[in-house]
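Okay, so subunit A shows up in both of these, paired with subunit B first and subunit C after.
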Partner chain A sequence: MDSMPGQHETQRPADFLRQILGRPAVVKVNNGAEYRGNLVCLDGYLNIVMEGTEEFVGGELKRRYGDVFLRGNNVIYVGPAPAK
Partner chain B sequence: MQSAGSAAEGASTNGALTGGSILGEPSDLVRLCLDELVYVKLRGERELVGRLHGYDQHLNMVVGDAEETVMSTEVDEETFEQIVRTRKRKLPLVFVRGDTLILISPLFRQSGASR
Partner chain C sequence: MRSAHVGASSSGDEASGQLLPLELVDVAIGSRVWVILKSAREFRGILRGFDEFVNLVLEDVTEYQFTESGTDTRQLPSMLLNGSNVCVLVPEGGASERTAA
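Our next item is the complex of A and B:
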């Protein structure tokens, strides 16, 4: 009422995720690991498929994956990868 | 592992993945892994490498010719150093409950390259 937020503030979580689709993303999971790669697709459970993925544990690169499926229940957050 | 990743990237799956032509939803990737070698990361610092025989909507899975790796960290009582111990064992056929699964990754190229 008192303020008209811009379009970016009114978007829903799903819209936010749609913007990241096909782009470099960061996904953090329950056990503290972080996955950086191209976000290929996701579903309502937040199951996620990424490609060209790097696994970071404690900020350290642990592993690389071609394609990877992450089970949604482990996902803490999804966001665009910060530009390098 | 690393070579498997980069090889898969150059191969047919990855380019098409981004366009969304193959993958409509995440479980499609798991379907593509059927009868293929997969790497599975589980809760409790466990990993599994084996052939994916089947799965369901919970991602309960049946994996054949599997090798399980269990990692445990212990602290040396005198030096307080962290020691990572890995134990491996073979499982000819194993059912994995879906809720313990963290990730699945296909190892397509590795199986091809080793021949």
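Our next item is the complex of A and C:
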């Protein structure tokens, strides 16, 4: 199925995580808050360390943090920050 | 061929022609899927890959959050969706087919 014309190669979660490492990322957590910052490191539990982090609640900027650790069980998704 | 990593225990089932659950997910790679989480949140996007925890790599994603005041939607180019929140995965249509959100 991944050999269809115009399709990218299959990208497993581990590949995806390697690709977004060190780049601006957006992380949504269970309580609806969203964290945007530079993705320093992460692991297979989706524990995540970010730097220069902004916390958004309901789309509004609430706080800024230098470094944050996000425990993986709270993470709904992580992805590269959309281009503005 | 990829089913080898999906279910290490699949050899016997393959012989019986039985499709394992994760083999259905594997078939959906490259096409649009609709993912419903345990909470009031859903995602539509192109499935790029997954692992044994059903963590999902999605591309061209629309996120829907259902609140009392209505539905919030947003677009994201790509994401890794944590499998621990996934409840339902629905394959939708062919490769790269776009659905009117």
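Note that in this section the second predicted complex is superposed on the first by the 75 of 84 C-alpha atoms of A that agree within 3 Å, B and C clash if a C-alpha of one lies under 4 Å from a C-alpha of the other, contacts with A are read in each partner's own complex, and residues count from 1 in each chain.
Everything below uses one rule, namely that contacts are C-beta pairs under 8 Å (C-beta built on N, C-alpha and C of every residue); 3 or more make two chains touch, one makes a residue touch a chain.
These numbers come from a predicted model, not from an experiment.
When the shared chain is aligned, subunit B comes close enough to touch A:Cys41, but subunit C does not. Once the two complexes are laid over each other on the shared chain, residue contacts for A:Val49 go to subunit B alone; subunit C is not touched. Once the two complexes are laid over each other on the shared chain, residue contacts for A:Asn73 go to subunit B and to subunit C alike.
Applying the stated contact rule after C-alpha superposition, one finds that A:Asn31 touches subunit B and leaves subunit C untouched. Contacts of A:Arg63 after superposition on the shared chain: subunit B is touched, whereas subunit C is not. Using the contact criterion defined above for the overlaid structures, shared-chain residue A:Gly22 touches subunit B, although it does not reach subunit C. Once the two complexes are overlaid on chain A, the subunit A residues touched by subunit B in the first and by subunit C in the second are 30, 73.
Partner subunit B is touched in their complex by these residues of subunit A: 22, 29-31, 33, 35, 38, 40-43, 47-49, 51-53, 63-71, 73-74. By the touch criterion stated above, subunit B contacts subunit A in their complex at residues 1-2, 4-9, 13-14, 17-18, 20, 23-30, 39, 43, 59, 98-99, 101-106, 108-109. Within the complex, the subunit A residues that touch subunit C are 1-2, 4, 6-8, 10-17, 20, 26, 30, 32, 46, 72-73, 75-80, 82-83.
Taken in their complex, subunit C has these residues touching subunit A: 2, 26-31, 37, 39, 41, 43, 48-51, 55-57, 59, 61, 65, 75-82, 84-85, 95-96.
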